[in-house]
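Next come two complexes, and both contain subunit A; in the first it sits with subunit B, in the second with subunit C.
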Partner chain A sequence: MTQLPASLGRTFLLAAGELGFFSAARVFVRETAAAYGADGVRALREQHGREYSVLDAVAARYLDDGALPGVDATRATAALHGASRVLVVGFEADALDLLVPTLSALPVGLLMQRSLGPVDWDRVLANFDDRLTAVPFDDLQKWAGSRAALLTFVYGTAGSLAHVSSEWLRVMGPDVRPQFRTLLGWDLLPVGPEVYPRWLANAEVGTFSALV
Partner chain B sequence: MALRQLIPPAILFITLLAQALVPHLRLLIVMTGAAACCLATSVTGVATTEALLADVPWGVLIILVGLGLLAELLAAGRLFGPLAVRAAVASGGRPQRLRLAFAAGMFVVSGLVNNITALVLVLPVLLVLLRTGDARPRTVHWTIGTLLVACNLGGAATPIGDFPAILLLSRGSMRFTDYLLRALPATVVALALLLGCVGLLVRPERGVDDDPLARRLSLAVTTALHRRVRPAPGPVLPSVLGLGAMLLAWTFLPERLHVGPALVCWLGVCVVLLVRGRQGERLARTRVDVEAVLFLLGLFVMVAAVRRAGVFEALGDWILGLPLPPRGRMVVFLALAGVLTGLFSAGPGMAALLNVGEALTRELPGPSVYVGLALSVCAGSSLFLTAATSGPLAQALVERADLRDADGRPVHFGFLQFLPVGLLSFALIEGVAIAYGLLTTR
Partner chain C sequence: MHSRHSRPSKPRHSAPPPDRAAIEAMLAPWVPDPQDRAFVARCLGDEGPPHHRASTFALLSLLQRATDLAPPAGPRPASGPTVPVPLRVPPHVRESLDPAEREYPIAMPSGALARCFPDPVARSLAVESLADGPAHHALANVLMVAMLDELLRRLGDGP
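Right after this comes the complex of A and B.
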């Protein structure tokens, strides 16, 4: 089996902290495939898939289709139509890189809350050329409103449960739900993970006003 | 020497020792020492507090504050992050090339902005590369250590890069171009020697197999983290144009106009900040490095007290009286300057030693003594991690980055880890300083 760098798992977690699990997984599968081909991607799944379910799912998709899973912001943009502002909970670089430019008229906030370790927020925000506003957790209520939207990323569903980042569970409570008109889940892995989604949390699909 | 003449240097020595031993209280210690010097000189009739304050080279403080604010604006313009990523990509992620690229980049950046800002702008990108790639202790120690020394050398390369050169410029000891044309080649030689020794003799990566996937991932993650970070023209353009205009003024303004370096900086920075409107006002109100200003103010007051007590004159006479030829006396002075700076850090070292160095210019060309002194101070700053303010900052940034080796063990970067880099750098830079002094006084 292809020998992968010993530090790969830790490096993946670091990348996932600032890029998001899905975006980091795309980078790692792409680079592993470029260095060692499909054998390398199989080794990546074998050695790190059980630890990182999103990495496993992206690698599986690559091995099945010969291509990385894509990202399309069309449906998310449509679901946010009519919103006066959008607060993003969790982070996915590839998805937000596409979505934020389509919301040019709206204020878009990013909740400064990550459970995966220290994040350089200045660097994260610098990639959006001041279009994203950093929102401390205590300022959550300031973004609420009759036309406000909350957006998070979903990494597949299993029955009535959606796999989400743990930040969503911190935000989503009975007191917060009525304060936002739209609670949007953007599913980046509709097929869902094949292994236990460690590092993720489960939320009832019904808590979302829309899942795209 | 009378007792009243000995009190100010005794206070200065105790203060410098105390601030070196208890760095977390260094500002309070230095300010207290300065007040004690004022009290001692007032009571003994050596000089009044007003006289000591009149001796403070305020131009140095104006230049430090002005260039610091300009550096803040450049940082807000995100100019250096993308350049650091490009350097990383150009290096292909290979540790030796990475060290070369970042050391050269740091040398250039710290020649233009102060060392702390240069470090804050460039080090995060390197830390990402180390976190995601080759974080073996030996590589980390030599890569970050070399970067710190390159930062010191860059600061000594130009008259606006760091405090010692700014002091020479603002006191009128040397003109802008005179210093630049002499110090830049000497510091480039020192950097080349250091990088050559590290790459060919130390070889931190020896015995380690290259892992192409680790390199690919490290570069890919670093690029992805900075994927859309672009320089913001709003803050960058006025800063670059303003700095360019100041460089021209420092170089070409005739002396008969009496527009000194500090006034050029004062005016230039105010215009640049005014162009930025609210952002400029906010920076001026909140980003002045008060700690550095107060620290240097305290030092200058103590140095003024020592000067008024006639101690520097006596020291200068002692050096001039050494039973050596003039160039031999200069070698002794430069070697002493390097060691004392290593113990007491660059600010105190330069502030005190420049007064002694002036005595040597009675028998040797001024530029040889001054540039040699600036290089020796740079050597001393590079001896220990604690000798320059950028050292503890680098230590803190590395600890915060939580670097780990392949087995997951934490990789530390502190006083002992830097020591081999410091000893080698000190020997090389001090050697260049002495060689420069000897060669230019033949």
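Right after this comes the complex of A and C.
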């Protein structure tokens, strides 16, 4: 079995804070494959998969298909058609890189709330050329409206449960839900995790107005 | 045997949710946009305490049945007096919202209320009470008033 650097897990967590679990997993699997081949990806799963369910799922997909799981913003864009603004809860760099340009002039906000630890928000936002507005948690409801949308990322489902970042549960209070027309979940890992998602939380699938 | 003072049993919380498609069909005459309709139907069918959702659905279904059994009337007037239903946000947040999005996409017809409550103070109190409160409560009231307005029109009360 390939020996990977012992600090890789902590490095992955740091990257996931600013890229998102899915986007960071794509980077780590791609780079591990480039450096060590499929044996290295197997080692990545073996050594860190149980701790990081999204990394495990992305590595499994790579080993099954020989390719990273893709990202397609088509359905998310369609689900947001007609929205007046979109507030993103949670963060996935690869997904937002694709989605934000398709929303043309629509205001897009990013809730500055991450449960994974300190995030350099200026560095995160700098990649979007002012197209993402930083939204402090206290300003959440200022983005409400009869055509407003909330969006979060889903990391697979298991029965009636969707795996989401815990920020989504902080936002989904019974007062906030009727203040936004659309509550969109974008599932980046439709196959779902094979291991328990320790870093994620569960939301009922039926609590989204749309899950794409 | 239950004593006179025994409390009624609570509704089962595991009961199936109200039929969203049926609610959307009830909303169609007043909310033409499908996304707006889905939004209001979610507030009626999925938000709020479970026993309120179930009772709302029961009352709406009865009103729909009464309307269906009432004699048909001509087309509804294109525009009648209505009252907007404010989005339920804290007052200090309201000013921050886009002015075009401060109300739910359904307005409460006020024609029948005006005939029922000719006194403006009583009418104002009725309107405020119906459109105030949590979103589920206010929107359920508004849809019921809209359906009653239509039912009364079919019975010859109203234009």
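For the reader, a short list of remarks on this structure follows.
Simple rule for what comes next: the second predicted complex is superposed on the first by the 212 of 212 C-alpha atoms of A that agree within 3 Å, B and C clash if a C-alpha of one lies under 4 Å from a C-alpha of the other, contacts with A are read in each partner's own complex, and residues count from 1 in each chain.
Just so we're on the same page, a residue touches a chain if its C-beta (ideal position, glycine included) is under 8 Å from a C-beta of that chain, and two chains touch if they have at least 3 such contacts.
It should be emphasised that the depicted structure is a prediction, and the values quoted were computed from it without experimental measurement.
The superposed arrangement places subunit B and subunit C next to each other on subunit A without a clash. In the superposition on chain A, contact is made by A:146 with subunit C only, not with subunit B. Here the vertex is the CA centre of subunit A, and the angle it makes with the centres of subunit B and subunit C is 120 degrees, a multiple of 10. Contacts of A:31 after superposition: subunit B is touched, whereas subunit C is not reached.
Touch criterion not met for A:159: it reaches neither subunit B nor subunit C. In the superposition on chain A, contact of A:82 is made with subunit C only, not with subunit B. After overlaying the two complexes on the shared chain, residue contacts for A:177 are found with subunit C alone; subunit B is out of touch. Look at A:66: by the touch rule set out above, it reaches neither subunit B nor subunit C. Contact with subunit B, but none with subunit C, is seen for A:123 once the two complexes are overlaid on the shared chain. The partner that reaches more residues of subunit A, of the two candidates subunit B and subunit C, is B.
For the pair subunit B and subunit C, the least inter-chain C-alpha distance in the overlaid model is 23 Å.
Shared contact residues of subunit A with subunit B and subunit C: none. Subunit A contributes residues 82, 84-85, 139, 141-142, 144-148, 174-175, 177-179, 181-182, 206-207, 209 to its touches with subunit C in the complex. On the side of subunit C, the complex with subunit A involves touching residues 17, 33, 35-36, 38-39, 42-43, 46-48, 87-90, 93, 96-98, 100-105, 134-136. If you check the complex, the residues on subunit A that touch subunit B are 4-8, 10-11, 14-15, 18-19, 23-24, 27-28, 30-32, 34-36, 40, 93, 97, 117-118, 120, 123, 126-129.
Taken in their complex, subunit B has these residues touching subunit A: 78, 81, 124, 131-133, 135, 211-214, 216-218, 220-221, 224-230, 232, 400, 402, 404-408.
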